[in-house]
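There are structures below to look over.
Shared chain: chain A. Partners: chain B in the first complex, chain C in the second.
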Partner chain A sequence: MAEPLLRVENLNVTFTAYGRTRQVLRDVSFTVAAGERVALIGETGSGKSVTAKAIIGTLPKNGRITSGSIAIGGRDVLTMARGEREALKGTAFSLIMQDPLSSFNPVFKIGTHLDDVMRFADRRDGKVSSKADRNARIAAVLRRVQLADTERVMNAYPSELSGGMRQRVLIGLALLHQPRLLIADEPGTALDVTTQDEILNLINHLVAEEDMALLMITHNLGVVRKVADRVVVMHHGDIVETGPCTDILHRPSEEYTRSLLDAVPPLYGPRVTDLPQSGEPPIVRIERLNKIYGRRNGYHAVRDVTLALKAGEIFGLAGESGSGKTSVARMIMGLSRPTSGKLAIDAPDPGRGKRLTQIVYQNPGTSLNPKRTVKQTLTLPLKSIGMDAARRDARMRELLELVRLPQSYLAKYPHELSGGQKQRVAIARALAAEPKILILDEPTAALDVSVQKTVIELLMQLREELGLTYLMISHDLSLMRNFCSRIAIMLRGEIVEEGPTPEVFAGPRHPYTRALIAAIPVVTDEEERLKPTVTDEERMRFLVKTTD
Partner chain B sequence: MQQHPLVAILTRLGTFVLVMIALSVMIFVLARVVPGDPARMALGPAATQEQVDALRLQMGLDQPLAVQYLDYVGKALHGDLGMSLVSQRPVTADLKQTAPATVELVLVSVIFMFLVAIPVGVITAHYRDRALDHIGRILSLTGVTIPSFLFAITLQLLAARGLPGWPIIGRIDHSLGWPGGPTGFLILDGLLAGRFDVALNALQHLALPAFALSMAGIGQITRITRSSMIENQRKDHVLTLQSFGVPERVIIFRYLLKLSSIAPLTIMGLEFASLIGNAFVIEMVFAWGGFASYGLQAILQKDLNAVTAVVLVAGLFFIVANLIVDVLISIIDPRLRRKEAR
Partner chain C sequence: MADMKMLDSSDRGLSTGYMMWYRFSRNPAAVAGSLILLSVVILAVFAPWLTPYPKHVGAVVDFRARHLPPDLAHWFGTDKAGRDIFSRTIFGLRVSLLLVIGVLGISVPVGTVLGLIAGYFGGWVERIVSGLTNVMLAMPPLVMALAVSNLLEPTLMNAMIAITLLWWTWHARLIYSVSKSIASEDYIEAARLAGAGPLHILFREILPNCVSVISVKTTLDAAFVILFGATLSFLGFGVKPPTPDLGSMVADGRQFMPDFWWEVLCPGAAVLYVTLGFNLLGDGLRDMFDVES
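== the complex of A and B ==
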């Protein structure tokens, strides 16, 4: 058998922090053959990104490869001289980074980044190139990632391009020197689902056309199905299972892989959960709500939105970034004032200091103050409703029980908790002053799928126990399919479709809804078949253009 | 939404005018409500009450404050800032003579700050938590905590002992017979006239006071540059360039330095206020004869027109300096040139 393009053998990596050494990769071995597409999947802390960094040679200073080998084209890169290894960058392999905004220096033009990368790669090859020659080559690469107006792109600063365009430029950057292996670290994860779909299509197209190999690092099993021939599953620094994509997704042999697959909310098929419709009267009524930011030529964020939230239901407000869903939530919370329209909450006044609505934010890592213990975090809302110390303590015990955390956690700081535990604390904080309505702003977007599953289960139980009404804001339609009883889709400040969730998914009427559902990466072929279809003409009409 | 650059500049100039009006009202009122009769102080204890009353009438001090203010502004707009009671000359003439000395001192201090603070900041960031970084930290703290007059006196002593012949007071050797040039900045005038001996001599005189004046700022700006560099080093875009093999020195001196110069520049603008304040002390120590020394005399003798003029000129200098800093920052950072649509 021919030598594979990339061979990682018995790779062991340790990290040292505060004098303690931790092993983050244990005997990791896998191969990527020329032209093959391999996905490296795993949850946070599984070691998938560390593996990629070890291959590229950008491990942080406290990381060390203790044993093992990484061979590209049969040559071990770990024993190479520094200069020789540098020369491989961009030519033997290239990296596509995750976040297209932070991957560019904001005070330099896009063209400057591209030109510098090309200039120094040329110099390593011993070539001297003129600026005009480099510009022509860069323009050619940009056209390959479907950016037609290359002049404008190169003269733009990173903040002047859309997320999708920046991601395309990042891919272009990786292609500048015809690498044989493309390493992609969660590309498109920071983008909207429809944009992500286009980016994945582009990567697939390029890999096939240029006969490159692809090592895709992702936590999203739907993405895996779309872009990989073979899958390597990682867990806590070990490789759990390796196999062809269809086998892993349909017939996993390891327990861990199965649990990972089980935690992915299904979009269609028998595993889908339908929530009962609420027969209660509306608790929140919104009529022709408008929000315009800025005075003259203001930004019209919400346009004539009319909604009714029934008591006890889980209402989903779906849409991509900039669709106005968060603006609607903020107005319901009373955090911002509508420009026009009516907003009424139908519930008795809860009394001093208490609010009817509370919110759980997307990222508990930033919504909890890192300098305050769980107890201090929970004290604030309880104090504001005038509880004395003894009653506060009792209530805190109750709250921790509600969110299934042990009492000892009251003394912990956020950095001592996992992502899921932090989100539980955030939920406890939101529930502290007994609200009637909970706004969930992408409550699980920052969490792994297995953790997402437990948090969602907790939210379901809490709604049952406390008789809450939820308004969930999200762009994750597969999650909303299983968690919301009714759903509304927002596009550019307007609601384009609304109805009971099963009906909306069974027969989406608006082309934008269909495009949105069709773009979701799903795990099984059966789900893929059941997705609605969109014509190219409809796609053009409703989706944000990421080309130019 | 792109904001037209002209609109941006006009908006800035608008605020500029407002600040100047507010400042002038404040100093005008303050100077007149503090105790002590300026006319009596100008004429001395020997003058009769009739003489004092006559001077008060002549100065318009019997008028209501608002009338006095409008009168002052009206004249000021025509370039007349009144007579100095002490020097018995127009205030504008006094300022023309003294202001360039101070401006030259402050500007050279600023150049010192940048020449020292930015490289030291970059180096200490690069050698973070190693010996060089610790030395840099100690030096910065020393610069910030020790008052500038102490530096000034220490430098004078050291120079007098270690560098015989090095000038420790004044702006220039009078033996050179320099008649004065068009700008009043000795170094610039010397260079323009081709008198390099004058420029060099003025620079020697400037070195000690400018260094003493810039110490505090050097300490601050070094720290800001260092922390800004360290913060930006961790960003993804650095990793991107590294993973495509762009050399470390290019990443540091080109990409990181430009991004990390925004914070020190902002601080620099604010630093002008303490530079002007400290100049009052430094000028006394080095017998500098700038407008800070002039202002000090004016305050002690309650020379109303001179005090008002000195404060206004100092304010003008501060505002113009910050205007320049704002423009520089918006040239560096394209995000500031775009008005956010939200």
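== the complex of A and C ==
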């Protein structure tokens, strides 16, 4: 058997912080053969990124490889001299970063970024190259990542390109020197689904065309199905199982992998949950709502939106970034005033200090004050509705019970809690002042899938127990398929399609809805088959341009 | 950044206090700075008991002992009136510390509150506060201080007033920018939705997040205040003689340089010692608070 391109053997890595040493990787071994596509999958803290950093040689200062070996092309990189190892970057392997915006220095043009990399690599190889020659080579690379107007892209500043285009340039940057192994750290996760889909297609296309090997690091099982031949599942620094992609996704042998797959909300098939439709009268009525930001030639964020939220239902407002879904939610919350149109909430006045609506934010890391304990955070809404200390304590105990957190958590600060626990505290805060309508702004986007599952279950139970109405804003259609009873799709400020969730997914009428659903990475082949089809012409009409 | 987050999440069991203490105790600069300041505070507070010639603080004249070089009886030598420079330096530290407490005790709260308000409310409040700070910052500080102490009598109190008038602007401007960025955080909006009033948001939600910035800035500022105070007294606008003040002691000794070098160098070294202490501690605090930022 030929020596694989990348061989990681019994890799052990420890991190030292605050005088304590922890093992973050335990005997991690896997290989990537030439031309093979391998996905490293795991949740937060599984060690997948640490593994990638160890391979590239960018472990943080307090991380240490205690034993094991990493061989690229049969040569152990850990025993290599520094300069020699440095020289491998870009030629033996290349890296595609996660965040397409922060990877560029905003004050330099795209062309400068690419030219710098090329110039340094040429100098390292002892080659003298002219600017014109390098420019020609850069243009060729940009064309390979499907950026046809190379002149414009090279003269643009990073902020002038869309997220998808920046991600393409990053991929181009990685390809400058025909590496044999491409390491991709969650490419496209920061982008919209449709853009992410195109980026994954591009990576697949390039890997096949250039005969590169791919090591994809991701937490998304749908992405894995799309881009990997073989999957390595990691959990808490251990490799749980390794196998061909279809085996892992359809016939996992380990309990952990099964639970991970179970937590992924299905898009189609028997596992899909259909929520009952609410027969209640509408509680929120919106008619021809418009929002224009700025005075003259302002940005028309919401155009003639007409909606009705029935009491007790979970209404999903779906759309990609910039579609206006958050603007609609903020107007319902009373946080911003509509430019024109009617907005009525049909419920009795809740009384002193109470609000009909409350919100659960996307990122619990930023929606809880880091300097305030859970108790202080929860006291605020209770105090504002006029509860005295004794009743507040009782109510706080009740709230923690509602969100299934132990009482001892009252004294904790946010940084002592995990992401899911923080989101539970945020939910408790939202519920404290007894709202009727809860707005969920992508409540699980910042969480791992298994945590997402528990938070969603909690939200479902709370709705039943407390008789709440939810408005969920999200771009994650597979989650909304299972969580919302009705759904509306927004595109550039307008609602393009609306209806009961099962109907919308069974027969999406608007081409944009079809394109959106088709772009979702799914786990099983069956779901892929059931997705609606979109013609290229439709795709061109509705999707954000990521090429030129 | 991502690495740090990963680490911190794994250290969830550790309390903030422990993490800060860990960073502090392993930061030689911070430890050295706080030891220096501890010694300065002890010396200043117990000056009457720790100094060999506490009477020399006043208008004592002993011409037989004038301009004595440093020896075992007079560690820092004596000055033109035969007074023990060591004793006077220690008492001079008292004046310096009083100045720091007086100036920062007023200007930090004032600057902080104005900064918080301007950053959170925005609009015309922001325009007024930032306009005022801009005007104040445009004045040359030394000229301004000299003008004020010229108008009033040159006493410690008036020097304090002169410096305070200038100092709050730096704090206002710093806290303004911090407050402005915190004001747009999700948790501030969440607090508003939970029914919090402006006072609660300013002092319970935003202020705790400014504590690290304020304490670093205040510590570093203390060093500047001492230098500034010393400059004023050096120019003759500070503390009235015979009260010992480090700046005026340096000024007095200047005419006897280089023959009686100890009269300038010893009080000067004391200024250096205190300033260094504050600066080291300030830098150490900055590293320590990086825990959260």
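Keep this in mind: the second predicted complex is superposed on the first by the 548 of 548 C-alpha atoms of A that agree within 3 Å, B and C clash if a C-alpha of one lies under 4 Å from a C-alpha of the other, contacts with A are read in each partner's own complex, and residues count from 1 in each chain.
Simple rule for what comes next: a residue touches a chain if its C-beta (ideal position, glycine included) is under 8 Å from a C-beta of that chain, and two chains touch if they have at least 3 such contacts.
Since we're looking at a predicted model, the values are computed, not measured.
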- [ ] Kindly say whether there is room for both chain B and chain C on chain A in the superposition, answering fit or clash.
- [x] clash
Open item on the list: For A:Y299, using the defined touch cut-off, is the partner it touches chain B, chain C, both, or neither? Pick first, second, both or neither.
Closed with: first
TODO: Please work out whether A:P381 is in contact with chain B alone, chain C alone, both, or neither, and reply first, second, both or neither.
DONE: second
Open item on the list: Just to be sure I read the superposition right, which of the two partners does A:G90 touch: chain B = first, chain C = second, or both, or neither?
Closed with: first
TODO: Using the touch definition from the top, say if A:S159 reaches chain B (first), chain C (second), both or neither.
DONE: first
Open item on the list: Applying the document's definition of touching, compare chain B and chain C: which contacts more of chain A?
Closed with: C
TODO: Have a look at where A:F120 lands relative to chain B and chain C in the superposition and call it first, second, both or neither.
DONE: first
- [ ] Looking only at the overlay on chain A, choose which of 200-208, 272-280 or 326-334 in chain B hits chain C.
- [x] 272-280
Task: On chain A, positions contacted by chain B and by chain C - done: none
Task: Sites on chain C touched by chain A in the complex - done: 2-4, 6-16, 18-19, 22, 185-191, 193-196, 200, 204-205, 208-209, 211, 292
TODO: Please name which positions on chain A make contact with chain C in the complex.
DONE: 15, 17-20, 22, 24, 44-45, 49-50, 60, 62-63, 333, 335, 353, 355, 358-359, 361, 363, 366-372, 376, 380-381, 383-385, 413, 415-418, 426, 429, 432-433
Task: Contact footprint of chain B on chain A as seen in their complex - done: 56-58, 86-87, 89-90, 94-95, 97-99, 102-108, 113, 116-117, 120-121, 124, 157, 159-160, 170, 173, 176, 293-294, 297, 299
- [ ] Using the touch rule from the top, collect the residues of chain B that touch chain A in their complex.
- [x] 1, 235-237, 239-247, 250, 254-255, 258-259, 262, 332-335, 338, 341-342
